[in-house]
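Just below sit the structures, each encoded as structure tokens.
You will see chain A twice below: alongside chain B first, and alongside chain C after that.
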Partner chain A sequence: MTAAVVATGARALPARRKRLAPSALLASAACVGVIAVMGAPLALSFLASIKTPADASAIPPHYLPQALSADNYFKVIGYEAGLATYVANSGLVALMTIVACIALAAPAGYGLARFDMRGKEVAFLLLLAPIMIPYQALLTPLYLDFAKVGLVNTRVGLAIVHTILQLPFSIYLMRNSFEAIPREIEEAAMLDGCSSLSRLIHIFLPLALPAIVTVALFAFINSWNEFLAALIFMNRESSFTVPILLVSVQIGHHGAVDWGALQASIMIAILPCLAVYLALQRYYISGLLSGGVK
Partner chain B sequence: MFTRKTWAVLAAALIGSTALSGVASADTATMWVRASGTNAAAHLVDLWNATHPDKIELTTIPDNQMVTKLATGVQAREVPDLVSFDLIYMPDFMKAGFLVDLTADLKADPNYASVAQAYKDIATYEGKIYGAGFTPDVSILVWNKDLFKKAGLDPEKPPRTIGEIHEDAKKVRALGGDVYGFYFSGACPGCNIFTSSPMMVAAGSKILPANGNDDALTGEGVKDVLEAFKAMWNEGLIPKNAQADNGANFTSEFMTGKIGVQGTGGFLLSELKKNAPNLDFGVTFLPGAKEGQASSFVGGDVVAIPAGSKHLDLAKKFIAWELTDEAQLEGLAKNNILPSRPALADNKYFAADPRVVTTAKALGIGYVPWVYHFADMVNSDSSPWINMFQRAIFDGDVDGAIAEARQKMKEIAGE
Partner chain C sequence: MARSRSRGQAQGWLFLAPALLFVALFVIAPLGQLAATSMTDRSLLGGGRFIGFANYVKIWHDSGFWRALLFTVKYTLVLTPILMGLGFALALLVSDNTPLKRLTRTIVFLPVVIGLSSSSLLWFWLFDERVGLFNRLLVDLHVIREPMVWFVSADLAFWAVVIAITWKVVGFGMVLFVSGIQAIHSDILEAALVDGAGYWARVRLIILPLCRRVLLLTTLVSAIGSMLAFDQFYIMTSGGPRGQTFTAVYSIYQSSFVSFRLGYGAALSIVLMLIILVLSAVQIALTARGAEP
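On to the complex of A and B.
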């Protein structure tokens, strides 16, 4: 990627090519350095995950595997209910969280950004209040209430909890994004006879697509990685999510860690996040750029 | 983007997840087990499921979350039908009224009579019985025979006193390089109550107070052990990373084949056989200060029925079954796991490996403290127990460390 940037820069400014070279080189070197620092933990995790279980636990550790083995991956894939169960649960909960977050945050953000009403700022503050309390403190009372209405140990229940945790940030983002849309566009739509609902659907939502993608991305990553609520609200192996597998699979007696299984499960858990990020990156970046031009 | 099939699958999954919240089908009981006990529990549950029409469904809970999860579950009446947890929490759970009284069932069960005494003691509260031994574990001393040979020691002669551990460690360390004489996880409270406290008990000490008026850390054993560890640390016989090891390397250090002697648990035998098959090691009792003294910490899991269990009869049947010869031998012993009835230690599966027999015998000489607030006194990361180890061994103030821990333990016990 770095090389491409340098090449494009050089083509655009052929006359200054020679003078730019040292600084471009420096920038490339800095990029490579940063990538190396960010990539090192991933690379080391991967290398450790393909060691034999005994080799992965060696002290002092070897950087390179002495023998290749997929045992760690087999352990993770075959653990208790099987990897597929945990991935399916996590995926479903994350999907429901994304849908609920967008469905709730978009109208809420629209209302807060575009309609004048009494106490709007107070309402906004109240909506943001959940992020001002450590969410661990909310879990036990929520659990007791959920138990009364039969939402404990259901994916829907867990998705509701994840939505609660994610909603303040989502509304905040949607409101700011809707506020940035010029009034003129909205007024033009009004003149054409658009109702407030159809303005949201036909004007605001398409224009705020990068913000919606960002909401979806954060909802996915946070729901996918969330451990404590999933552990407390789910009671059966068949309804557990990936983070609980990650913790259980590496625990040994008296806190002993199975390093190989730990690294293998990290590699597996990263993949969906990486895939979702790469798939949505286009929208995400274009959103940042369009904001910059304004 | 979504095909009709995808939507159908999603809808089915949603309906399925909602249905799960209702009452489970009549012939399946749920069981929670802490993660480190899963391997052993799964052998028993698999055997039960293969031989019974009624099924048990196992759910693994991360070790350090079990107490919180069970306590919350009892509050919300969302409990499993059976639970297998660290036996040390039995007194707190029995006192809190979390468990079903099993006195009548177990007293009438001939198999229960031969369960190891330590399990009977820990599961009895005010004359009533609330649980039975399930997947036992017990602490032992292991030594690396190859390193002993290279160091000029007799590989068949393990250290028989704390002083001999020190002497042997010195000779093994003399091999140089990254070979060390002794290892213990210096920042792991659980590891040390499991492997270091039995040496103190063997040397005549009592560790934990039962209440605020009871004495803590009595006798010379505590000091003997801490002084020996401190000397080994100062002489460089213990790897430097021991000071910060919170238990993460409790089993992996010995597995590398570069440690001479270490206190550990019976579970290490099957792990070593699986992950380090070429390591030649021996198993003996954890020694005291004088020859002939030995002890052990009886750990592992007890099985109990939480108050609010929806399949009480099935749960009771399972507990009665896990104490039978069939479950103890074919479920546990066959998989290198100790039976909770010591009389079954002499069995065809253990006969092939005298090290397993030694481990099983350690059950008979082991102790388990019947105390409340074990988590605060011992298991928490800032407990007086682990602070005593850190201050005595790494800071060098043995007497001050013992005095401080003694006082704090009494305060906690009096709460």
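On to the complex of A and C.
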């Protein structure tokens, strides 16, 4: 708090410092208030997840746990097919989505950034088309196709749908990132006789590493969290992803919600997102800003 | 020279080929199928007779779908100004790079990266009439006397979702607005300061006009997202009470995957897609115009 006051005060003209101090203080107080309001739901959910199961369903509820317990987590770990199955489903779908996005978007971004083809811009627009077509509309035909070739209830099938979602953003980002690489670097390699493919692998990809991290980060978070396609395509208990597990816990067995288990599964669902976001915050924000907001 | 150019062309297309093939196979082809299916009476059990535009005629008379669409529009019209207004206010509060303000930005943005299903379930719990802590807090603060049952009334359920989603995505607009505010040259603001412009005058006369494009774009992206709302209503209200909180996507989901009327669901999808297309076209036109110097 003092740091904020000092920083704001230092920027102001010396004569005004006295008058600005109260407003800076007010702003700091407002920040603390905002942090409390925005942080409370997550904090309360975490605290509920470490209550005893009985305490988590207490009426009226308590804000803080009466006693600490990991029982809710054990319940989720043993839920139906077992938490490991659902986490593996979500994790593998996300991993395949990441790989597919990079494998498709890196060459496409390279082709768009460095080759001068007739009709290139048309191709670019075509590749961005999925932004304009809500994927929600494509789920019916995709479901029929996937049912025909046995891709319903498979991780590959869901990863394909998630790749559709992420591809336009990934290509846009890769193209911009490759275009920002100076031509001189590439020309030197051309004189050395590097083929265009090896230029992509040995020069462009390492230089565009931040963009690749951003592509992977968004692919992971959006795939891990995606709900509607997972709900439709993964309709067998053993193929549920984590978001579908959540709804399954919510509905419960006999109509009664197991609130403690629900909080524990929410914590499990959000933990990977919070972890990668906090670790790679810089990439996430830069992706958000440069991606023209998706 | 001409030869190397044509070789470059072929190579360029080769790099584009995998992505183009993917989009053709999984976006363009299904789109064609969607249009074809929308003219049949196909169900998940079979059928598939060509019935021309009969599905579209049926949509015209389908009061359930129009009610859902209208509800979605109302949701969008209520939520978008709240998100943009609060997002901008927060951005004004935290746009300086002091440690406390950075921390505030991080905390406000946290809900954006978690899943919509997680956040919806979190609020489903907070709003619960027996175990919900939001109810308990309102009682403790003497805002209400008894815990409220939020999800039996369409109005209360609507506001419950609006509150939950505001918490979930307000950080999205905030981050974009912060970048818009930070992009304003400090000499412009300092010049205004020297001219004696107070804080709110600077906001109104400099910051707001210079952030106009970011505001417009974020508003559109946010509105498109709201028009496609599904998860939050599926989890928090299940469309209830009495189907009063079905959204457009929810009613398509119901037609296609609950009642198995795929042909009809496809026609509904096409209608929704056209609505979104108009919004996206405006967005892209704005982006393109802004990209020029």
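We adopt the following convention: the second predicted complex is superposed on the first by the 212 of 294 C-alpha atoms of A that agree within 3 Å, B and C clash if a C-alpha of one lies under 4 Å from a C-alpha of the other, contacts with A are read in each partner's own complex, and residues count from 1 in each chain.
Operating definition for what follows: a residue touches a chain if its C-beta (ideal position, glycine included) is under 8 Å from a C-beta of that chain, and two chains touch if they have at least 3 such contacts.
On a predicted model such as this, the values are computed, not experimentally measured, just so you know.
Peer 1: Where does A:A188 make contact in the superposed view: on chain B (first), on chain C (second), on both, or on neither?
Peer 2: neither
Peer 1: Under the stated touch criterion, which partner chain does A:L112 make contact with: chain B (first), chain C (second), both, or neither?
Peer 2: second
Peer 1: Looking at the overlay, what does A:I266 touch: chain B (first), chain C (second), both, or neither?
Peer 2: In the superposition, A:I266 contacts chain C only.
Peer 1: Chain A residues in contact: does chain B have more, or chain C?
Peer 2: Per-residue touch count on chain A favours C.
Peer 1: Is A:I201 in contact with chain B, with chain C, with both, or with neither (first, second, both, neither)?
Peer 2: A:I201 sits against neither chain B nor chain C.
Peer 1: For A:P53, is the partner it touches chain B (first), chain C (second), both, or none of the two (neither)?
Peer 2: Touch partner of A:P53: chain B, not chain C.
Peer 1: May I ask you to decide whether A:L151 touches chain B, chain C, both, or neither, giving the answer as first, second, both or neither?
Peer 2: In the superposition, A:L151 contacts chain B only.
Peer 1: Contacts for A:A21 in the overlay, against chain B (first) and chain C (second): which applies, first, second, both or neither?
Peer 2: In the superposed model, A:A21 contacts neither chain B nor chain C.
Peer 1: Considering only the touch criterion stated at the top, classify A:R236 as touching first (chain B), second (chain C), both, or neither.
Peer 2: First partner only, chain B.
Peer 1: Look at A:A275 in the shared chain and tell me whether it touches chain B only, chain C only, both, or neither; answer first, second, both or neither.
Peer 2: neither
Peer 1: What is the shared patch of chain A, the residues that chain B and chain C both contact?
Peer 2: 57-60, 140, 143-144, 231-232, 247, 259
Peer 1: Looking at the complex, which residues from chain C come into contact with chain A?
Peer 2: That would be residues 5, 8-9, 11-16, 18-20, 22-23, 26-28, 30-31, 33-34, 37, 90, 93-94, 96-101, 103-104, 106-108, 110-111, 113-118, 121-126, 128, 130-133, 136, 147, 167, 171-172, 175-176, 179, 193, 199, 217-218, 221, 228, 230-231, 234-235, 249, 252-253, 256-257, 262, 265-266, 269-270, 272-273, 276-277, 280-281, 284, 287 of chain C.
Peer 1: Help me check something: in the complex, which residues belonging to chain B touch chain A?
Peer 2: Answer in residue numbers: 10, 13-14, 17-18, 20-22, 30, 32, 35-36, 38, 42, 57-65, 68-69, 72-73, 75-78, 80, 137, 178, 185, 188, 190-191, 194, 239, 241, 246-253, 255-256, 258, 265, 267, 271, 274-276.
Peer 1: Over in the complex, which chain A residues touch chain B? Could you list them?
Peer 2: Interface residues on the chain A side: 52-54, 57-60, 80, 88, 92, 95, 140, 143-144, 147, 150-157, 231-232, 235-240, 244, 247-248, 251-257, 259.
Peer 1: What residues of chain A sit close enough to touch chain C in their complex?
Peer 2: 1, 3-4, 7-8, 13, 23, 27-28, 30-32, 34-35, 38-39, 41-42, 44-45, 48, 56-61, 63, 103-105, 107-108, 110-112, 114-118, 120, 123, 126-127, 129-134, 136-145, 160, 163-164, 167, 171, 196, 200, 221, 224-225, 227-228, 231-232, 242-243, 246-247, 250, 259, 262-263, 266, 269-270, 273-274, 277-278, 281, 284-285, 288-289, 292-294
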